[in-house]
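In what follows, chain A forms one complex with chain B and a second complex with chain C.
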Partner chain A sequence: MRGRPLLTAVAALALVFLLGPILLVVAIAFSSGDTVEFPPPGLSGKWFTKALAYQPFQDALTTSALVAAGATLLALLVGIPAALAIQRRRFRGRKAAEALFLSPAIVPELVLGFALFQQLMVTLRITALGALLIGHTVLLLPYAVRVTGASLAMADPALEEAGRGLGAGPLRTFFHITLPVMTPGIVSAAVLSFLTSFNNVPLSLLLNGPGVTTLPVQMLNYVEFSFDPVVAAVSTLLLAATVVVALVTERLVGFNKVFGK
Partner chain B sequence: MTSTMTTTKTTTPVVQLQAITREFAGSVAVDSIDLTVRRGEFTALLGPSGCGKTTTLRMIAGFLPPTSGTILLDGQDATTLPPERRNIGMVFQSYALFPHLTVEKNVAFGLRMRGVPSAEIRTRVAEVLDLVGLAHLAGRKPKELSGGQQQRVALARAVAIRPSVLLLDEPLSNLDARLRVQMRQELLRVQRETGLTAILVTHDQEEALELADNMVILDRGRIVQQGPPREVFRAPATRFVAEFLGYENFLDLPGRGPVTIRPEHIGVLGPDAEPPAGGEVVEATVTAVRFRGTDFAVTAAVGDRTLHAITTDETLRAGASVRLHLPLGQAIPLPGDDGAARLGKNPRQECPA
Partner chain C sequence: MSRRAASGLLLLPGVALLAFGFLYPFGVTLFAPPAAEDPDVLGKLGGMLGDGYVLEVAARTVRVAALTTAICLLLGFPVAYLIARAPRRRQGLLLALAVFPLLLSTVVRTFSWLVILGRNGLISDLLTALGLADGGTQLLYTEFALIAGLTQLFTPIMILTSYSSLSHIDVKLEEAARGLGASPGRAFRRVVLPIALPGVLVGAMLVFAGAVTAFTTPLLLGGTRNRTLATLLYDYANVKLDWGAASAVALIMTALVVVAGLISGRLSKVGAV
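Presenting the complex of A and B:
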């Protein structure tokens, strides 16, 4: 970027706008003061202690982790065969099927959430946890289909034929060739799905019930009534966890693959 | 390796296609082909792209069912047999090496699938890697290899299972020109040393001429001519075959029908030169001269007709008036042409798939 001062300046500004607020939250989390203020009057870890001991956050974390893990698993179980069919088979309505699986990413989440709330919880009387699981699975399907599909689309279709020609039947070809070739895509899809579910607010806001709330929604609730650095501490913990997940993924499959490059 | 793979001389052809036809959504890609491939023979299917040769190969491999007709492998009806039960060794145009496996494991794959004991797998993989000169790269992943090395791994993987027939789908087309020429001899050496029967699909007539024992020329899903390369080259049956093999001069001689003359047989006469006895001399205008290293390729107009000749005369320029000597005695008749059917048609154009 040398010799391009304008570009450098814009890039620096973008970075400040992206990272600035996040760094501010981290700084406030370590505050020794009793309200959200900057700069903090002193440093302490007391808000972390308080956040970790706060029962509603503990319950919400359990719910969030459960929903994220469950929905990721379900989305992959549906999404991997769907991606295989879309990428490797020719059938009528292939494009329509692909569009259908990607549509949850286009429909406004509040609309999707409201529809699911009405159908699942009001009409079918499914529990909040069940509704969350189903809702998040639908939300994650586009990622599961898209990212695993991208890893398949990049792979040579002749690979499976090579396997068959060398004496492996369809099933052994799938387990020895197709699945290993898809693995980086599956890992990426799983990480992306888990994070998407874990961070989701609009769906979770509508699909909750007594004692069953996800962590981001519980944090919102908390901020409505109290204005202390506890939420900043929780945010910092989430941020740290996300960074760890990102680093591990980078080591495993390369982070650019997570975004279906 | 050769000792265990010496060909048993039997009279049963390795591959027999009987009236094989393949249609795609109404259009005919392969039109009632009959083909016999004998043991140890190197067959080349040659033709312009999209005209049935790859489709034919894929039907032999079992990746594509024929619409009608019968495929016999080692004398047994294999028409509906899935690929994993045909004992074929296929080398793909894209190589299709398994990206998650090392060279060694790629080559071992077919043997593992056959339940060969692991000790035997090790020795056989080592033998085959030796054969293609890649023993030192056994632990590498495919993406760490050059194109030529990947090509050798693909060949080794197909040869390792000791297939009844080695199927080669444009195996050299992804290599650069120099390597492609080197690899031809490599391919031939491996085929001769293993005694394997091979079927090569190519659009490169040089490749087919150099490698094949039997050259089969396909056009629009039909076999238009087959035979040993020298015979086919010396006596192309039709203008299509002749053009595909590089002939450029086509004449319709009164009483003799369509013929072709090789450019190097046409003499470019200097102003005072005496024409050789026999043949015919025509006045022509040079339209282009291309330097080819050792000589020049001359394009000349004779009336509304274009002729191609070869000369070593460095002074010749476009626009010059010359006399061309046509040795009609050396003209090659094209008996398969009724004279009109394909004249003026470019044989290299794509046929509908």
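Presenting the complex of A and C:
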């Protein structure tokens, strides 16, 4: 980095700009004051107590965890076979199939949320939880197909052919050879999918019903009407949980693998 | 079972899900919303394109997204370059620090801007302390606030895509150019930049599309005074309950994102030559 003072200065500025506001939220969460202020007048844990006791956040946490886990599982169950077909088989329309599976990533999430609200909830009378689950699975499917597909693309198909050649059936080959090869990709896809679903706002925004709202949307509603450190406390708890997830992922597959790096 | 049938069987659950949970609702809502009082979206769209307010919101959305993309590029590319040129074992940690914010909700990442830019916020206090203002400087609900928040949101994406194309460039290429007498700036412009460009353009498109469709940041930092297409769509869909208008805004938004994608596809191919 010697000899590039301007470059280094810009990079340092960028990191402060990226991480500073996040650390600011943590400082505000531990405030003993009654309003949002920085620097906080003193330290206390009272906003955490208040945040944890707030019923709408508890309900929203349950909804978000349920939707994120369910949609991640569904996206993998549907996405892995699709990735197998796209990566390992030659058939007409293979490129079109790949484009179709990646297409939900292109459309604005807010537009998809609005469409699901209109067609599934209003017209077909599907519950908010059902619409959330379907919508989030659609949202995650491109990640699932792409990340597990990438792990397949890197593996040598000769391994599977050898298994078949030695007399293993298609299922046995899948469970004993293909699946183990894909495992790092599946773990990466699962982590990325869970967090993507859990954090989503635009898709979840309109898909709510009595007692069914996701946590980020509930936080957004809260901030719109009352501006106090409660949301900073929830943010800090989410930040801590995310750090734990990142560290565990680092041990399992390498943190940067989650982003395909 | 034939090979074709087997491939079809593997794809079937996904295709069924996409048909029911994506293509059908998306198609109907954009082009033929049944429950709207005025089901003619294209008519609405025509009316909107003649409506100064909607055009103003669309122009703001594009302007803010373009400025955000430019600043993300100016901040993100140097970071990516330094990470790609750092010692191997430090690259992982640096990259992880830079992209970690992507794992947090936009609500978490936008909240602090309310504290920084608000009437009793950090910048307002700072200006007052310096004697440049007499308290209560409101920077929230401005285009400046929108750009600040969106830039913080999307710079990690720029870093990630720039890094992934920069990390493929052998340092020796740059050193060779230097050895042949090129200045550092020239070596960078003539060797590094052309190779990195396609990846950087893909990143820029992702940032632009993300900024055009972002919702949380415009809602909290732009408010009702500086609406973007996303908050306008929400207003039509959830407050005014004018679903035809909401669909028309959705069409404009989708078209913008698709056009940006096509342009960047063309550009990255040109850059690769």
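We take it that the second predicted complex is superposed on the first by the 260 of 261 C-alpha atoms of A that agree within 3 Å, B and C clash if a C-alpha of one lies under 4 Å from a C-alpha of the other, contacts with A are read in each partner's own complex, and residues count from 1 in each chain.
What we mean here is this: a residue touches a chain if its C-beta (ideal position, glycine included) is under 8 Å from a C-beta of that chain, and two chains touch if they have at least 3 such contacts.
Small disclaimer: the values here were computed from a predicted structure and weren't measured.
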| item | value |
| --- | --- |
| Partner chain(s) touched by A:F48 [first = chain B, second = chain C, both, neither] | neither |
| Which of chain B and chain C A:F38 touches, first, second, both or neither | second |
| Which of chain B and chain C A:V181 touches, first, second, both or neither | first |
| First (chain B), second (chain C), both or neither touched by A:P202 | second |
| Comparison of chain B and chain C by chain A residues contacted | C |
| Touching partner for A:Y143 - first (chain B), second (chain C), both, neither | neither |
| Partner chain(s) touched by A:L100 [first = chain B, second = chain C, both, neither] | second |
| Which superposed partner A:E161 touches (first chain B, second chain C, both, neither) | first |
| Which superposed partner A:A85 touches (first chain B, second chain C, both, neither) | second |
| Set of chain A residues, in rising order, touched by both chain B and chain C | none |
| Chain A to chain C touching residues, read off their complex | 1, 3-4, 7-8, 10-11, 13-15, 17-19, 21-22, 24-25, 28, 36-38, 74, 77-79, 81-82, 84-85, 89-91, 97, 100-101, 103-104, 106-112, 114-120, 122-123, 134-135, 137-138, 141, 145, 195, 198-199, 201-202, 205-206, 216, 219-220, 223-224, 227, 231-232, 235, 238-239, 242, 245-246, 250, 254-256, 259-261 |
| In the complex, chain C residues that touch chain A | 3-4, 6-7, 9-11, 13-15, 17-18, 20-22, 24-26, 28-30, 33-35, 74-76, 78-79, 81-82, 85-86, 92, 95-109, 111-116, 120, 122, 151-152, 155-156, 159-160, 163-164, 184, 209, 212-216, 219-220, 230, 233-234, 237-238, 243, 246-247, 250, 253-254, 257-258, 261 |
| Residues of chain A touching chain B in the complex | 155-156, 158-159, 161-169, 172, 176-177, 180-181, 183 |
| Complex contacts: residues of chain B adjacent to chain A | 61-63, 82-84, 86-90, 92-94, 96-100, 109-110, 113-114, 157-158, 161 |
